[in-house]
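Heads up, there are several structures right after this.
Look for subunit A in each of the two complexes below; its partner is subunit B in the first and subunit C in the second.
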Partner chain A sequence: MKQLFPIKHVMGYLFSLVLSVVALAVIFFDLSFSAAMVILLVCAILQASLQLFLFMHVSEAADTKKTLYLNIAYAVFVGLVTIFGTLFTMIWGYQ
Partner chain B sequence: MKINSNVPLEYSTEENSNKILGFWLFLGAEIALFSTLFATYFTLWNRTGNGPTGHELFELNGVLMETFLLLTSSFTCGLAIHAMRHGFKKATMVFFAITLVLGLGFLGVEITEFVTYVHDGATVSTSAFLSSLFVLLGTHGLHVSMGILWGAAIMIQIKRQGFTAETTNKSFIFSLYWHFLDVVWIFIFSFVYLKGMM
Partner chain C sequence: MNLDKFLVKGEPMIYAAMVSIVVASLAILIGLTYFKKWGYMWREWLTTVDHKKIGVMYIIAALLMLFRGGVDALLMRAQLAMPENGLLDAQHYNEIFTTHGVIMILFMAMPFIIGLMNIVIPLQIGARDVAFPRLNAVSFWLFMAGAMLFNISFVVGGSPDAGWTAYFPLASLEYSPTVGNNYYSIALQIAGIGTLLTGVNFIVTILKMRAPGMKLMRMPMFTWSVLITCVIILFAFPVLTVALALMMFDRMFGGQFFTMANGGMDMLWANLFWVWGHPEVYIVILPAFGIYSEIISTFSKKNLYGYKSMVVSMVAISLLSFLVWAHHFYTMGHGAMVNGFFSITTMAIAIPTGVKIFNWLFTLRKGRISFTTPMLYSLAFIPIFTIGGVTGVMLAMASADYQYHNTMFLVAHFHYVLIPGTVFAVIAGFHYWFPKMFGFRLNEKLGKLAFWFIAICFNITFFPLFFLGLNGMTRRMYTYSEGSGFGPLNMLATIGSVGLAIGFVILVYNVYWSFRYAPRDTTGDPWDARTLEWSTHSPVPEYNFAITPNVKGMDAFWAAKKENQPLYEGKIEPIHMPNNSGQPFILGVIFFFLGFFLVFSMWVPAIVTGVGVVIMLAWRSFERDHGRHISVEEIIETERKLGGDTV
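Right, the complex of A and B next:
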């Protein structure tokens, strides 16, 4: 049993549930928009990192580790430019 | 075929580790794909026209259910790979089966949600908000559906061939895909549903 349920995975899973519950704070408490966004962002980034490092073992293969980090960093960069570039040209730029 | 026995079976040949690397590159492209859909949604989320707003539409219970199902399936998928690395075939199969059933449960809740929306008069052509919402959620749901078919096909192969360099490699790559879908869901959960219900 112990071999089937490694403590790291179980803790990671519980932590991800806790993070989801913490994120719920934004709908149950009357927070300002920026405070709510910070909570959501922090929880989401922690959750994503948890999946990436714990469950997807991104850092396990020594020879490709650097390539994977670079690839993900680049993909996230492209994603952020897409999202914030769109918001800038379609919404913020007009205000 | 050169086999390196110092690494898990799914990395053991050069072809295998290249396939894993290649799949990570694909996931990079998927990040870009979902970013464009999020960008569209964030631009259009308040263009609700005569249709309902997210605040009126979203139901917390269904969303929590979906999140719980997907988080748990991601966990059992991780356990399946862990069991695979210890060579426990039966445990791997059981964990994969649980993963896929939870995935089906997620799809069931999501489909029910879509049907309710459409019944309430919120269809894909009602407003720009709903178009972007359905495309974002639909793309994720389609990925989950594909993942279920893919996972089932891999389970059949493990059952027939046991753990070989090929089947373990396919299983590991499938697990990357499944965890990635969970990551995308976390962002949908946070920035579509929770932000919409604020």
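Right, the complex of A and C next:
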């Protein structure tokens, strides 16, 4: 029975719930902007790696490693383009 | 309950639509009961997980939506035919151009392409189905739920009326108080989930399920284009998901993301919309490029010129497509730096696209060209699309765009890109792969007649719009004065649109005619084509290939035919196939009602249906379904019936 119970996944699930609650807590406490942002960023990075490594098994299969990391690189590229591109068009580059 | 909230009243055309919807639905229900087809419908179609049947359903849905969007277009052209025409009022016109845009892009072009993908990709790579057949059915039924939800808005509650781009602040609760834009956010969201799942499904299928020997650089060009398209889907659609969710918060829960007050930013919607919207353009155009590559190579009897440069230019387009979105709103007011940057990236896209045009031309060069219907569409595509592309470069210049922005010039440009690009491609693909789906070709004579109507009348409809735009006619204006001088060219465009409609009627008649009278194809390879899908029977047996093909080079089937390389080695073994399931259909129905209740802010039923969705997910999670095996005897029997020679 012990081997059958997916303890890692249940722990990961609970941990991701905790991370969500911590992120939510930012609006309930009177934090400075930068402190709130730091908490959100740390939570976001932890949450993303939790999903990737625990639930999506990024590091498990050796034969698909290259494809997976290439895909993640593409995702990071699109994500950064979206965020910084938006800042560029909407704020920095605005007349 | 008060029905006034739901039904649109006071418009004779809408009453007529209500009557026709009721009559058509009754006819379908009575027909199914009378001919005792309910069991057949349920077993063979509603519960199917077979990629070919799902593809056929996608294409039927796309053709229906083409009809709906086409009627919208004809109404708009009728309204604009004469100055100060009173056929439609401003509100009605707004609703019609909005639904025309959304339906043509998201519920016609996308499903048509996804339908062809579904039918062709597993066959082209020598697979038995997609990687996740059940998920594929879920994709389809979610798309269908979204499409139906969007379509009923017409008679239930009112259509969205803020343009297919739904720009804020116009689309906000303050300026669009009807439920129309709720439909927009919810229906697109549901259909969008389906599209995302399709993206995941086909990436895995193409990467993991290719026949032995089919390396990435041996894949047919259509498969390549679909792989790259799916990567774009995977990365572009989440932005739409987020933007639509924020829109929903704004409209239903008092959010302030895109409002003008309380720190909201109305243009952020336009920004996020186009971060998705521009890659979306390439999502509908890249598979079209793939289709043309297959057709041009087949009917020139040559392999595709510059295979590697085709792949490289598609990868380049996929990267660049994420870097150009701000060219949709140059006039928003950002500085020269931003506009300059996006001008350059936009013009850069013309380079890989130009490479592809030259590759097709060089494929044609010295080829033995046969002028079949699909080939005619492909040949017409090259010059017409180039006009669209060149006017696109004109629009890409930010300073000049201040003149063209939101004029009919722009409308002409994107129809010149999307119709020869996507619509011609899906029609060409439809003619090309039709014998694979149904076992007989569409009639060539009727096909060519429809082609000439469509190709010529397309130009009569949209070429005048370039000049109207340059003369100052803006898009989305529901009428104009006689003194503006826009009358004659608009009349010409309207006449063209009628011809275009006739072309599509001939196309549909051709399908009907061919079903009844066309001679059946027994070879499985009526076009003397090159890729694996033509090496199996038509119509394709459910397991696709009795023996998995063994690929030794590019255009494997061509090599097998010309150099007698054996494609099928080994003996028949039992084939493992997935079971049919009613769950995807039920999930789609639940999603439809969930969406409907959300649109009308009916929270209790919305929560109940939402719980229904969770129950469906749980049901699937705890289900044990290992599929079934088709026995060797059954395969041999099927192969014998289909007259196969692979045994």
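Some points to look at:
Everything that follows uses one rule, which is that the second predicted complex is superposed on the first by the 89 of 95 C-alpha atoms of A that agree within 3 Å, B and C clash if a C-alpha of one lies under 4 Å from a C-alpha of the other, contacts with A are read in each partner's own complex, and residues count from 1 in each chain.
Convention: a contact is a pair of C-beta atoms (placed from the backbone, for glycine too) under 8 Å apart; a residue touches a chain by one contact, two chains touch by 3 or more.
Here the structure is a predicted model, which means the values were calculated and not measured.
Looking at the shared chain after the overlay, A:T67 reaches both subunit B and subunit C.
Legend: residue contacts after superposition of the two complexes on their common chain; A:L17 is shown touching subunit B, with no touch to subunit C.
When the two complexes are overlaid on their common chain A, residue A:T82 makes contact with subunit B and with subunit C alike. Looking at the shared chain after the overlay, A:G93 reaches subunit C, while subunit B stays out of its contact range. After superposition on the shared chain, subunit A has more residues touched by B, the comparison being subunit B against subunit C.
With both structures placed on the common chain, the touch criterion links A:S34 to neither subunit B nor subunit C. Common to the subunit B-facing and subunit C-facing surfaces of subunit A are residues 67, 71, 74-75, 78, 82, 85-86, 90.
Residues 67, 71, 74-75, 77-78, 81-82, 85-86, 88-90, 93-95 of subunit A touch subunit C in their complex.
Against subunit A, in their complex, subunit B makes its touches with residues 7, 11, 17, 20-21, 24-25, 27-29, 31-32, 34-36, 38-40, 42-43, 60, 67-68, 71-72, 74-75, 77-79, 82-83, 86, 88, 91, 175-176, 179-180, 182-183, 186-187, 189-191, 194-195, 197-198.
Across the complex, subunit C meets subunit A through its residues 207, 231, 235-236, 239, 265, 267-268, 271-272, 275, 319, 322-323, 325-326, 333-335, 337-338, 341-342.
Contact residues on subunit A toward subunit B in their complex (touch as defined above): 3-6, 9, 12-13, 16-17, 20, 23-24, 26-27, 33, 36-37, 40-41, 43-44, 47-48, 51-52, 54-56, 58, 61, 63-64, 67-68, 71-72, 74-76, 78-80, 82-83, 85-87, 90-91.
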